[in-house]
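The two complexes that follow have subunit A in common; it is paired with subunit B in the first and with subunit C in the second.
Coming up: the complex of A and B.
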C-alpha cells in the first residue's frame, strides 16, 4: 500500500447566514493515497465542492467556516496553519482545477505569464529561462502541442478544451502531491471529456499525484476513479472501491444514482430519476437524511441517524437496511 | 431569394465601409485638435507673439485681425487691458490642461484604490467607504472650492485641492462595482488556488481588468475638469489674475460681451473644442476596448 497523502477526519463546514446556520459539510471522513483517485459524487448542493474548498481553506467569506474536524496533508495539519503558511501550501502541495475553463483564466495575461506566476511564487528560480522551462514542461505534461508558441497566446485565442488543459498546467506546474478537480469535465463536450480523463490517468502515472475527483457523473467515476465516496446532504453515505460500488451498491441513494446514468445496453423510455428534493441544510431531519426520498425506508429511518457500518473490503455504508 | 440576399449584402457592406470611414474621421479630428492644443501649451513661449500679461492700454479692445478695424498685430484681438487674446489662449492652455490632467491623475488614483479595496473586500469596509463616497458625491464641488478659495486664497493649488477632494468619488463608485463583479469570476479563485495573497490579487488580477472603465471615465473627466476650472475662475475662486486661464478669460470678457465679444468667445470656443474632442475620444476608446464591439 502506498502512503496516505490526505486524510480528512470528521470535517464539518458551515455557512453562517442571516437566516441561520447551513451545515454544508457535516462530519465527513476520507483519505487518499499516492497515485490514487478518489471520486466524490453527489447531486448539486450536497457539499462536494465545499469539501474541496475546505481542504484548500478557500471558503467564501464572510460566512463560510470550518467548525470541526481535522485535515492532514503529508503529515501537516492544514487547519492549524496560519494564513501565510497556507498560501505557501496552496498551488504547491495541493492544487485545484475549477469547473469552467472559460472564466478561470485571466483575460489580460498570456498563457505563459499565468503559469509562470505560480512557478515564481513557489519555486526559488532566479533565472527567467528556468522559469520558462518549468512552464513549458508543465504544458508538455498536459500534452499541449507546441507549448513554446502557446506561451504568448491569450486565453481568448484558445478553445475550451485547450484552456482546461492550461488550467491543468497551472495546477500541475509546481508538482503538487494532491490535486482537487472540481467537475473539470462538466463544461467540456463528450469527446474532449474522454480525452481529458485519459490525460489525467497519464499524468497520475507520471507524477504519483493523488487526485480527488469531484463530479455528479457516475460515468466519469467509472472511467477515472479507484475509490468512490457518495455524498448526500453533507454526509458520505457510502464509500467503496469503484468496482465494488458498481457491483454491490448498498445505499438506496447510490443505487438510485447509478440507475440514473443513461445506458446504451438497456432500452428505457425514460431516464430514471429520484423523486423529491434533498432536505434543507438549515433544518436537517433527525433521522436518515435520505429517508423522505427513499423507496424502502423503515420506521427507525426517520427517527435515528444510521451509523456507519463497515461491511468488509473497506466498503462502508450508513443505512439501517444494511445488516 | 438568393439574388435578393446578394443585393442586401452588398448594400450592408457599403454602409459598413462608410461607417468605418466616418468613425476613423471622427477619431482623427479630436486627436489632431488635442495634439495641437497640447503642443501649443508646451511650446507656448515660442508660439505666443506677446507676453500673456503684457498690458498695452493704447491697444485695448481691438477686434481680431480678420474683422473690420482689426490690427494685423493681434490675430484674435486684445482685451480690456490691451493684452493679446491669442497669446493668452496659448498660455491659458497650459493652466487649463495641466489642471485637468493633475486632478484626473489624483482623483483617478485615489478613486481606483478605494474602489478596488471596497469592492474586493466587501462587508463592513465596503459600507464604510461607500458612505464616504455618497457624502462626497452629494456635496457640490463648486461650493467646496469657494469655501477653500476664501480660506486659502484663490490659487492653482486651491482649485486642485478643491476638485480632488470630492472628484475621486465617481471613480470609486464605478471601479467598486467592477471589482465586486471580478472577485466572483473564477480567475480570482484560480489566483487564490495557486496561493496568491489578497494584495497580489488586487494589483495583478483586479486592477488590469478595471483599466477599461478607468480610461473611459478619465477621458470623460478631462472635459468636466476644464469646465470646473472655468466655472471656478469665472466665479473668482479659481486662477487669480493676471494669470491666463480659459475660464478666467471668459469671465474677464463678461462686461464687454456687446462691444468686444472676442475676449470671451475664443477661450470659450477652446473649452468647447477640448470637451468635445475628449468625449469623442472617450467614446472611441470605450468602443475599442469592448470586445463585443471590437470586431465590427
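Coming up: the complex of A and C.
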C-alpha cells in the first residue's frame, strides 16, 4: 500500500449567515493515497466543493468557517498552520483545478506569466531561464503543443480545452502531492472531456500525484477514480472502491444516482430521476438526511441518524437498512 | 500596438476637423450678433458698418475660409465685445481651468482608487459603510453650498486659506478640495463595484489557490481588470472638469473657461464661443484618445484587434 497523502477526519464547515448557520460539511472523513484518485460525487449543494475549499483553507470570507475536524497533508496538520504557512503550501503541496476554464485564467496576463508566478513563488529558482524551463515542462506535462509560443499568448487566444490544460499546468507546475479537481470536465464537451481524463491518468502515472476528483457524474467516476465517496447534504453516506460501488451499491442514494446515469444498453422511455429536494442545510432533519426522498425508509430513519457501518472491503455505508 | 495608436490618432484628427466645421455652423445658427450690439439710438448704417467690420457681410463659405486660415495661424478672431483677441482671452482663462481640473482630478482619482479598492475588499464592514456614507454626502450636497461653507469655515472663521483669487497655490486649496469632494463619490462607487465583480471571479480564486499573497491578489490580479470600466468615467470626468466648473469659478472668483464661455454665450460673442468650444472639444478628443490607448495598455484583447 502506498502512503496516505491526505487524511480528513470529522471535517465540519459551516457558513454563518444572517439567516442562520448553514452546515455545509458536517463530519466528513476520508483519505487519499499516493497515485490514487478519490472521487467525491453528489448533487449540487451537497458540500463537495466546500470540502475541497476547506482543504485549501479558502472559504469565502466573512462567513465560511471550519468549525471542527482535522486535515492532515503529508503529516502536516493544515488547520494549525498560520495564514502565511498555508499560503506556502497552497499551489505547491496541494493545488486545485476549477470548473470553468473560460473564466479561471486572468485575462490581462500571458499564460507564461501566470504559470511563472507560481513557479517563482514556490521554487527557489535564481534565474529566469530556469523558471521558463519549469513553465515549459509543466506545459509539456499537460501535452500542450509548442509550449514556447503559447507562453506569450493571452487566455482569450486559446480554446476552452486548451485553457483547461493551462489551468492544469498551473496546478502541476510545482509538483504537488495532492490535486483537487473540482468538476474540471463539466464545462468541456464530451470528446475534450475524455481527452482530459486520459491526460490526468497519464499525469498521475508520471508524477504519483494523489487526486481528489469532485464531480456529479458517475460516468466520469467510472473512468477516472479508484475509490468513491458519495456525499449527500454535507455527509458522506457511502464510500468504497469504484468497482464495488458499481457492483454492490448499498445506500439507496448511491443506487438512485447510478440509476440516473443515462445508458446506451437499455431502452428507457424516461431518464430516471430522484424525487424531491435535498434538505435545507440550515434546518437539517433529526434522522437520516435522505429519508424524505428514500423509497424504502424505515420508521427509525426519520428519528435517528444512521451510524457509519463497515461492511468489509473498506466499504462503509450509513443506512439503517444495511445490516 | 503602434498600429492601434496610429489608427486611433487619425480618427481623432478627423473628428477634430468635424468639430471645427460643426462649431462654425452652429454658432451661425444662433442669431445675428450685430443686432445684439445695437442700442436704441443706432441707425441702419451702424448695423451695416458693424456687419462689415466683423466680416459678417461676406458669404458663409468665405467666412469659413477666413476662420480656417485663422485657426492654422493661431488666430481665433477678436471678441465682438471688447475687441481683444480670443486667443488671448483663452490663454488667460485656460491655465486657471487646467490647474483646477487637473489637480482635483488627480486628487480624486487617487482617493477614489484607495477608498474604492479598500471598500471592496472590506465589504460590509464599518470601513465600507463609512465610505458609503461619505459618498452619499458628497453626492447629496451641492458644490456651491459646500464651496460657501468651506469659505465660511476656512477663510472667514479660521482664515487659513484665501477665499478668492488665483495668485498662489494656496488659493487653489479650497476650490480643489470642494471639486474633489464633488467628483469623488461617483468614480469611487464605480471602482468599488467593478472591484467587487472582479474579486468574485474564478481567476481571483485561482490566484489564491496558487498561493499568491492577498496584497498581490488585490493590487496585481484584481485591480488591473477592475480598472477597465472606471476608465471611461474617469475620462468623462476630466473632460467635464476642463470644460469648466462655472459654479466653483464664480464662488471662488477664479475666472476660467467656464465663466468665459458663459459670458460669450450670453452676449452672442461668436468668436469667443467658437474658440472656447474648439479648445474644449479638442481637449475631449485628446482625453478620449488617451483613454483608448490606456484601454489597450490594460486589456490585451483590445490591443490584439489591430494586429
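Throughout what follows, the second predicted complex is superposed on the first by the 323 of 323 C-alpha atoms of A that agree within 3 Å, B and C clash if a C-alpha of one lies under 4 Å from a C-alpha of the other, contacts with A are read in each partner's own complex, and residues count from 1 in each chain.
Criterion: a contact is a pair of C-beta atoms (placed from the backbone, for glycine too) under 8 Å apart; a residue touches a chain by one contact, two chains touch by 3 or more.
This structure is a prediction, so every number in the text was calculated from the model and none was measured.
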Report clash or fit for the pair subunit B and subunit C bound to subunit A in the combined superposed model.
-> clash
Who does A:58 touch here: subunit B (first), subunit C (second), both, or neither?
-> both
For A:92, decide between first (touching subunit B), second (touching subunit C), both and neither.
-> both
Partner chain(s) touched by A:154 [first = subunit B, second = subunit C, both, neither] | second
Who does A:118 touch here: subunit B (first), subunit C (second), both, or neither?
-> both
Check whether A:13 is in contact with subunit B, with subunit C, with both or with neither, and answer first, second, both or neither.
-> neither
Identify the partner contact of A:37: answer first if only subunit B is touched, second if only subunit C is, both if each is, neither if none is.
-> neither
Which one hits subunit C, of these parts of subunit B: 4-12, 40-48 or 112-120?
-> 112-120
Residues of subunit A at both interfaces, subunit B in one complex, subunit C in the other | 56, 58, 62, 87-92, 95-96, 98-100, 103-109, 117-118, 121-122, 156, 167, 170-171
Write out the stretch or stretches of subunit B touching subunit A in their complex.
-> 122-123, 185-187, 189-197, 204-205, 208-209, 291
In the complex, the residues of subunit A that touch subunit C are 56, 58, 62, 87-92, 95-96, 98-100, 103-110, 117-118, 121-122, 154, 156-157, 167, 170-171
Give every residue of subunit A touching subunit B within the complex, in rising order.
-> 56, 58, 62, 87-92, 95-96, 98-100, 103-109, 117-118, 121-122, 156, 167, 170-171
Listed in rising order, subunit C residues that touch subunit A in their complex are 124, 201-203, 205-213, 221, 224-225, 298-301, 304
